[in-house]
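Starting off with a structure, shown below.
Each chain gets a letter, A, B, C, D, E, F and G, in the order it is written, and its residues are counted from 1.
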Amino acid sequence: MLTAILLGFLFALFLVFAGKYFKGRLAVVSALIPLSLFIYFASFIPRIASGEVVTSNYEWVPSFGVNLGFSLDGLSLLFSLMITGIGFLVYVYTSSYLKNHQYLDRFYAYLSVFMGAMLGLVLSDNIISMFVFWELTSISSFFLIGFNNTSEASRKSALTALGITGFGGFSLLAGALLLGSMTGTYSIIEMMTMKEALAGHEFYILAVIFIFGAAFTKSAQFPFHFWLPGAMKAPTPVSTYLHSATMVKAGVYLLMRFTPVLGDTNFWNTTLIVVGAITMLYSAVHTLFRTDLKGVLAYSTISALGILVFLIGLGSQGAFLAAAVFIIVHALYKATLFLVTGIIDHQAGTRNVTVLAGLRKVMMPVAVAGFLAAISSAGIPPSIGFLGKELTYEASTHSTGMVILIVAAIVLTKILLLYAGFVAGIKPFTGKLPEKFTKVTMPGPLMWVPPLLLAILGIVFGIFPSLIESSLVKPVVTALGKDASDIHLALWHGFNTVLILSIITIAVGILLYFILKPSEKLENRIGKLEPVSPESILNKLTYFFGVFSKFWTNVFQNGYLRNYVTTIVLFLVILVGYIFIGNSRLVIDHTKLSQITAYELAVTIILIAGVFYTVFTRSRIGAVAAMGVVGLAICLLFVFYSAPDLAMTQFSIDTLTVILFVLVLYRLPKYLVLSDYKMRIRDGILSLTFGGLISLLALQVLAEPVNSDVGDFYAKNAYIMAHGKNVVNVILVDFRGTDTLIEISVLAIAAIGVYGLLKLRVKSSDRPN
Amino acid sequence: MKTLILKTASIYLLPVLLVFSVFILLRGHYLPGGGFVGGLIAAIAFVLHAFANGLSESKNLLKIHPGFLMPLGLALAFLSGVAPVIVDDPFMTGLWFPDPFPVIGNVGSALFFDIGVYLVVVGVTLTIIFTISESA
Amino acid sequence: MTLNDYISFVILPVLGFSILLIFYRFFKGPSIADKIIALDLLITTGIGIIAVYSIVHGRSTFMDTAMILALIAFLSTVAFSYYIEKRNRKK
Amino acid sequence: MSSIIIVILITLGTLFVLLAAIGMVRMPDTYLRISVTTKAATLGVGLLLVSSAIFFNDLSTTSRALVIILFVLLTAPVSAHLIGRASYFMGVKLWDKSVMDDLHGKYQKKTHVLKSEIDDTPGDNVMHDKTENGNEDEDELK
Amino acid sequence: MTQQLILYPLLLQLLLSILLMFFWYRINAQRIISILGSILHLGLTIYVFSFIWNNGIQTLQAGSWEAPFGITFVADSLSITLVLLTAIAGLAVSIFSASSMIPDRLKFGYFPIFHFLLLGLNGAFLTGDIFNLYVWFEIIIISSFVLITLGGEKAQLEGAVKYFTLNFLASMIFLTAIAVLYGLTGSLNMADLAIKVAEVENRALVQITAVLFLIGFGIKAAVFPLYFWLPASYHTPPSAVSAIFGGLLTKVGVYALIRVFSLIFVGDAFLDEMLIVIAILTLFSGGVGALIQNNIKKVFSYLIICHIGYMILGLGMFTEVAIAGTIFYLIHDIIVKTNLFMVSGLIYRIKGSSSMRALGGFYSDYPKLSLLIFIPLFSLVGIPPLSGFWPKISLITASFNTESYWGLAAIIFASFITLVVIAKLWAEVFWKNPGEIRERFKFDYFHKMGKYRKLGFVAPIVFLSFVSLYIGFGAENIQILSSRVAQELMDNQLYIDAVFNNAQNPE
Amino acid sequence: MEILFAIIIGVLYAAGIYMILRRSLVKLIIGIILLGNGANLLIFLLGRITEGAPPIIPEESKVFLEAYADPVPQALILTAIVISFGLQSFAIILVKRAHKVVKTDDLDEMNATDEDS
Amino acid sequence: MKSRFVGNILLTFIWVALTGNFAFNNYIFGFVLSFFILWIISREKRRYNYFTLVPKLISFVLYFLMELVKANLQVAYEVSTPHLKMKPGIVKVPLDIQSDIGITLLANMISLTPGTLSLDVSNDKKVLFVHAMYITDKEEFIHGIKNGFEKRLLDIFKK
C-alpha cells in the first residue's frame, strides 16, 4: 500500500528530471499511473465488502509514535477509487486540454503528487501521517491553482487557498496532537476503542474544535468557503479533480473518519448541522447570481459539501447512507460538469452563461454528458442523483428535533442546486446557437469521452444501484460505525413524504430555471452585498492585520538606535526592579564594609567628576581628556586595592584609546547636542535608575558570604605547580590561558577589521543589495 | 609634528622603551607586567616615533610589516598551547624545563605563550595605529 | 606617630587635596591646553601617590605601575598636541 | 635614621606637588601654568620616589625609582614644549601683564613652520592680537 | 588521545585561522585552505560526534587543572551536535564564500575571520566555564562585526553600528551577570556553579542574576523585546556572511540560554514563565515583522526572530518533550537558515535584486534551481515531512501537557505566518512575471560566471538541502538525538558528574 | 569604601547608558567605554576588594605568607579590558569610516537599514 | 658600526640596571637583547653617535639638579605668596649650538629650570623661543642662558 501511495511522488520526481524527454507520450505514461492504482484498489472491493479492514504498517519515526500506518476500510476505499478513477479520467482529459502546453510535465508532476497525497490522506490510520499528507494536498493544490503563475489573480487565489487550508492544517495538527496526548496513541483505529473516555475528557470540545477547524476550511464550509470559488482560476482539470471529487472532500472525509471517534455527541452533531445548513443554503443561493459557469459550479460544490457536513451532523444510519451515496453522486456529476465546462471554455473561449447557448449543435456528445449530469444533479430519476436526494430527504425527515427547519433547509438547497445543475449542464447547449459560436468545433475524444463516461455512470448506477450497494456504500456506513446490514438501495422507495418533497423540489426547481435567467444584473446585485461577505471581512481583517503588523514592527524596529537601547534597558530595569521590590530580604550589610580614606575620597571625586564632565561637556577633545582622568582614577583605585597589573593595563589601554580618538577625532564634525531637553531628562532618569539598580545589586551581593576556593587554589599552586609568582599573570598564561589565547585572537581580528575598514573600497557594482 | 625637540627625544626613547618592554614582558611571571603590557609599551615606542618622525620613517625602521607579527604571535601562543597535546597532556598544560634559567627564571610553555601575546599586541596596536595614520 | 600614620593621615590627604586642585583646573580650563596640562600633572601626581602608597603597605610592587604611568603619560600628551596641531592646520 | 630622611623628603616632595597644584589654580595664563607643572611637580614627585627608594632599600626598587625619575625628567620638558607650542598657535593668549612676545607673527598658520624672523606675509602668520582668545576648543559650539 | 578529542575541532579552526593569516593577499590559496580545512573539520567533527554518542559526555580540563580550577571543556550531546552543525554549515558557507565573495574582501582577511568566527562558535558550544563563554562570545562578536563591515558601504556601516552597540550592551550585561555570579559563589565553572547557586540563600539575587543572563543572552538570541539589532543588520552584508549569521549567530544565544537555564538556574517558575512570555511575543513580533517586508533577506531576518521563539518556548516549558522539540528545531533551523541566506545570495546574483517587488520569473527561468530552493523554503515552513515540521510535534504536545495555551496559539500563529510569508515570497519571486529590471552595468551576474563559480554557488545549497531532507525524512534519528540531548539537559547531575568525576581521575 | 565603589559603578553604568542614548556616534563610543569600565569595576568589587595586598608571592617564598587579594577577578578584568579594547578600537574606526561614508555623526540619520526597502 | 656597538653596550647597562641583576649571564642576555632591538630599528644610513654622549650628560645632569632645586624655590615663593609679581613674556634666544641633540638638551634644561619654558625652536634652528616668568632685562636673560646651559652643552659636544 505504501508503494501505491508513493507511486505518485516517485513519478513526480521522475518527471522533474526526465519529463521533457518524452513530451509526446507523456499523457499515456502518466495516465497509466492512476489507472493501475484504480485497478489495484478495485481489487480490494470483495475483501472490504466482506467487512475486512486491510491494514499495513511501516515504521517511520517511532520515537514520535509516528508511523506510516494505513488502513483500508469502506470509507477509504470509496475515496481511493474516486481519487484514482476520476484521477485517471482527468489525466486523460488533461492530455488534450493542455496539449502542447509548455509545462505539461510540470502539471502532471503536481497532479501526481496531489494524487499520492490524497491517497495517503485517506488511507492513513496514523493521524500524524494523515496530517503529513493533508499538508501535501494543500501544497500541491497551491501549485496547481497557481499553475498559471504569471496571472496575478491566479497567484492570489493560490495564496488564499493555501492560507485558509494551511490554517486548517495547523488546526488538524493541534487536534491530532491533542488527541494523541489524550489517548496516548495516534492510531485512529485505537482511538475508536476509547470513544466514551474521549467524550468525557476535559479537552473533548477543544479537540473537536481543532478537527472542525481543519475540516471546515478544507471542505469550504461557511465562513471559510470563499477560497474555493477563487481557486477556480486554476485550469479546469484541476478544478475537476481538486474541487469536485477529491481535495475539498478531504474535510468531509476527516469528519467521517472521526465520527466513530468523536461523533455522537450533542456538540458534534449540532455544530455540523448548523454549519452544514448555513453553508449549503448560503452557497446555493449564491449560484443564482453567477454568470461564470465555473462560479456556478464552485458555489454548487460548496453547497454540496454543506449537505455532506449536514448529513454527517444528522448522525443516523440513514444520514450516513445518504452521505455515502451523495458523495458518489456528486463526484460523478460535478466532475462531469466541470469537464464539460472546460470543454466549452476550451472550444468556445468563454464560460459566460449569459452568452452561451445552442452548443449541442456543434458538440452533441458533450451536450449529452452535460444533460445527464444535470439530471443527476437535479435528482431526477433514473439518475443516481435521485437516489441520493431521496436518501437525503429520508434522513432529514427522520432527524431528531427541528425536523421542519431541517427539511425546509435541505429542500430549498436542493431546489437551488437543481437550478445550478441545469444552468451548468443544460443551458449552454439549448436554444439558438449564436453567430459567434458557429465555428466552434468538437474537441478530440480524449476530452469528451471522460465526461460522457462519468455522466453515463451516473445513470447506470441509478438504474442498477446494486452495483454500488454492497461494494461501496454499505462498507462506508459500516466504517462510520453503524450497522449496514439492513440497507437496500433502490430507485423506487414507494410513495411517501420523501417522494412528495422530491416532486416539489423538481417542479419548483425547473420552474425557477425557466423564470430566472442568469444575468450580469443579478450578479451585480449580489456584488453589493460583497462588503459584508466573509471574504471581504477577512480581507479587511487581513488588511488591518497588515496595518497592525506594520505598526507593531515599526514601534519596535523604528530605526533609532537609542530607542532600541531604551527598550532593552527599560526591560532590564523593570525586571530587576520588580524582583527587588518584590523581595523584602534585600538589605545592605554595613558591618562588612571597609573604611573610606581621604585620598580614596579624592580619587573617587575626580573619577565621578570626570565622568560627569565627559557626559556634559560640549567639547569632544575635552571629553576624551576627561576620560583620561577617569582612567587615571580607576588606575589609582586598582593600585589601592592590590591590582598592580590591572592598573598598568588599564592605564596603557586608556592611553591607547586616547591616541585612537585623537587620530580619528580631528576629522569628525562638530560635537553637537542633538537631543532636546525633555529627552535628556527622560534618558537621565532611565540611566540613573539603571545605574542605581546596579549599585544596589552590588551592595546586595557584598552582603553575601565570600567564597574564593578558586583564588586560593591558584594562590597555593601558582609557584609550586605553575612556576610563577605573579598569580594574575599565571592565571592569564596558565590556569586560564585559553581565555588569553582567545583574547589575543580578538585583538588580531580587530586589527584585521580596522585594516579592512580603512583600506578596502568595494566597487559599487559589487555591493550587496 | 615638525618639532625638533620631540624628534630628537623620540629617537633616544625608542631603543630604551624597547628594552624596557622586553623587561616588562619577561618579568611578568613573577612581578607585575607580562606580554600584554610589554607589547603595549613596545607599540607605544613606535607610535611615539611615528608621531615625531612621520609614519613612513617609523615603518622603514620596523623591518617587518606589523601585521605579520599577529599570525606569528598567534602561532607561537597556539603552539605553546598545543605542544602538550603532542605528549598527550591536555591542551594548555604547562611544560617546563626542569631547571630555572638565569635571568628569566623557569622557562616553560607559559613563557612562549606570553611572548606570543607580546607579539600579537605589538602587531595589533601598530597595525591599527599605522592604518589610521595612513588613511587620515 | 609612626611613618605609616604620618603618610596615611597627612601626606596622602595632602596629595589627594592636590589632585582635587588640579582637577579644578581641568574642569575650569579654559583652553584645551589647560586640560591637557592638568591631566599630565594629575598623572605625575598619581606617580607620587603610588610611590608613597607603596611605602604605607611595604609593597614595592606598586612602583611598577608608577613606572608604566611615567612612560605612557607622555604619549597621551604627545597625542593631544598632535590633535591640536592637526586640528588647527586643517582650518 | 633613614626614616627621618624619608619623612623630610616625603614632606618636601608633597609640598612641591601641592605647590604645583596651587600654581595650576593660581597662575594667570596657560604658559605660566605649564611652567609651574614642569618644575614643581617633577621635583616633588622625584623626591617622593627617592624616599620610596630609600624606604625599600633594595636594588630593584631603587633602579625602578631612578628609571621613573629619568623618564619624568626626560619627558616633562618635551611635553611642556609640545603643549606650549600648541597653545600658541591655537591662539591661547598671554597674560595681560606679560612684557613681551617675540613669537608674535612668526608661526606660519597653515604649515606651523616657525621662522626666526617675521616675514612679509603677516596675514598667514599666527598673530595673537587678531585671534580669538583661544579659550575654547576650536571645533566646538558654545 | 581520546580525552583530547573534543578539543580537536577547536584547535583545527584556530590553526586554520592562523594559517590563513599567513596567506594574506593570496586568495586562491586561502580558498583552497578554507574549503579543504572545512572538509577536514567536518570529518573530524563527525568522528568526535560518534565518539561522544558511543561514550557519553566527555570533558577536558585545559592545562590539566582539575575542575573547577581550570577551564573545563565539556562535550555533551547538545554541544557536540551544535559543533557538528557548525561544521556542516561552515563547510557550505566556505564553499559559497569562495565563489561568491569578491576578491577584494578575500584579500582583506575574509577567510581568517570567517574561521575565527567558526572557532568562536565551537568554543562557545564546548566550554564549561562561564567566563570562558564570555570570551568566546566576544570573539564571535568581533568576527561578525568585522565581517559585516568588511568593505562596508553605507548600509553595512549603519547596520554595523546598531549590531555592535546592542551586542556590546549584551556583553556588558553578560559580564555584569558573571560578576554577580562570581560575587555570590566564587566560581566560574558552570558545573560548580550549578551546585553552588543552588546553595545560595538569597534567591532574589539568584533570580536577578538569571534575569541578567536572560537579557544578555536574549539580546544575542534576538528575542522580544531585544532583537532590534538583527533586522537592522542581517540583510546588509554579503550573503555568505548573512548565511553564517542567520544560521548560527543567534543560535549561540539560544544555546547559552538553554545551557544556563537547564544547568544553573533550574526550577524557577517565575523565570520559566518569563521565558514563555518572551517566546510568545517573539513568535508574534517576528511573524508580523516578516509579513510586511519586501527585501527577501529582511523577510528571512524576521523569520529568524520568529523561529527563535519556538526554541525559547520549549525551554520555558522545560519538559523533556519540550526540550527535545527545542533541540530538534535548533538542528533544523541552523541548516535551513544558513541555506536560505545563501539562496538569497544566489537569487541576488541571478537577478541583481533582493526586492520581492522587483524580482520574479525565477521559476520559468530556472525551474530546477527553483525546485532546489523549494526544499529549504518549505522546510522552513515545516510542510511535512520536511524538517521544520517534526519539532512542532514535540512543542505542541508539550504545550498541551503544560497547558500553555498561549504558547500553543503562538506556535500555530507563527507556523501560519511562516506559511503565508513563504508562499507569498514564492508567488512573488518565483511565479510573478518580473517587471522591467534593467540589466546592471558591470554587475557580476550569475549567468556570466564560469562553470566552477556557478558550481560554488549551487553546490553548498544542494548540500544543505540534502541535509534538510535528511532531517525531514530521517526524523527518527534526529528525534532520538534530540531526546537524548533533552534527557541530558533535564538531568543536570549528568553534566556535573561528568565534569567532576573526570577531575577525580586524572590521567 | 565598598559604598563608594558601588556609587562609582552606578555612575559609570548610568553615564555609559546615557551616552549611548545620545544621538552622536562619538558619544556612543564614549558611552561604551564608560560602561565597560563600570562592568570591570563591578567584577573587581564583587570579587571582594582587599587593600594593599597584591596577589604576588613574596620573593623568598613559595606561597603566600599573609593575606592577598583574590587574583581571579583581576585576571578576568584584564581579559575583559583587553577584549573591550579590541572592540573599542574597532568601533572608533567604524565611527571614522561611518562619518566618511554616511557623512553624519547623527545616529538618527542612520536608519536606512531599518526602513522597508 | 662602531657607534652602534657603543649603543649596544649602553643599552646592555640599562638592561642590567632595570633588572637589578648583576650576574654575568644577565649582561650577556642584555647584550643579545639590545643587539636584536638595535637591529630591528636601525637603518644602515643612520649613525648612532649620540650614545657616546651619555656619560657626559650624566655629569651635566648633576649640575643641573642643583639649578633645579634652587629655582624651584623661586616658583614656590611666587605661588605661595598672595600677590603675583611676575613679568612674564616670550623671549627669542639666538642659538649657537647646532646639533639636534644639543638644541634638544638645551631646550629641555631651560624648561626644567623654574621660571622658564622652551616653547619652540625655529625651523632653521637659529633661535629658541623661551617663555620666562621674570623678564626684568631681556638682554641679561638671554645672556644668562647663553653663558649657562648653552656654554656647557657646547663644551660637551665639542668634537
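We take it that a contact is a pair of C-beta atoms (placed from the backbone, for glycine too) under 8 Å apart; a residue touches a chain by one contact, two chains touch by 3 or more.
Source: prediction; values computed, not measured.
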* Structure fact -> Of B-G and A-F, the pair with more C-beta contacts is A-F
* **Farthest-lying chain, centroid of Cα atoms versus that of chain D** => A
* To do: Give, as an integer number of Å, the spacing between the C-alpha centres of chain F and chain C.
  => 21
* To do: Averaged over CA atoms, how far is the centre of chain C from the centre of chain G? Could you give it in whole Å?
  => 23
* Asked: How far is the middle of chain D from the middle of chain F, if each middle is the mean of its Cα atoms, in Å?
  -> 31
* Intercentroid distance (Cα basis), chain E paired with chain D, Å -> 56
* Would you pick out the residues of chain A that each touch at least 2 other chains? => 557, 559, 561, 565, 597, 600-601, 619-622, 638, 640, 644-645, 648-649, 652-653, 655-656, 659-660, 663-667, 671-672, 694, 698, 701-702, 706, 708, 710-711, 714, 725-726, 728, 732, 734-741, 743-750, 752-755, 757-759, 769
* Which chain E residues sit where two or more other chains touch them? -> 14, 17, 21, 62-63, 71, 131, 135, 138, 142, 145-146, 149, 152-153, 155, 161-162, 165, 169, 176, 180, 183, 186, 188, 231-232, 235-236, 292, 295
* Asked: Where in chain B do residues touch two or more other chains at once?
  -> 1-3, 5-6, 9, 12, 20, 30-33, 36-37, 40-41, 44, 47, 67, 70-71, 74, 78, 91-92, 94, 124, 128, 132, 136
* Note which residues of chain B are touching chain G in the complex, please. => 2-5, 7-9, 12, 14-16, 18-20, 22-23, 27, 60-63, 102-104
* Please name which positions on chain A make contact with chain E in the complex. => 16, 59-64, 66, 106, 128, 131-132, 135-136, 139, 142, 146, 149-150, 152, 155, 158-159, 162-163, 166-167, 170-171, 173-174, 177-178, 180-181, 203, 545-546, 548-550, 552-553, 556-557, 559, 561, 564-565, 567-568, 571-572, 575-576, 579-580, 582-583, 585-586, 694, 697-698, 700-702, 704, 706-711, 713-714, 734-739, 741-743, 745-746, 748-750, 752-753, 755-757, 759-769
* Given the complex with chain D, which residues does chain G contribute to the contact? -> 17-20, 61, 68-69, 71-72, 75-76, 78-80, 84, 86-92, 107-124, 126-127, 129, 131, 133, 135, 138
* **chain B - residues contacting chain A, complex** => 28-37, 40-41, 43-44, 47, 67, 70-71, 73-74, 77-78, 81, 91-92, 94, 96, 105-106, 108, 110, 113-114, 116-117, 120-121, 123-125, 127-129, 131-136
* Sites on chain F touched by chain E in the complex -> 16, 20, 25, 28, 32, 35-36, 38-39, 42-43, 45-48, 70, 72-73, 76, 79-80, 83, 86-87, 90-91, 94, 97-98, 101-102, 107, 110-114, 116-117
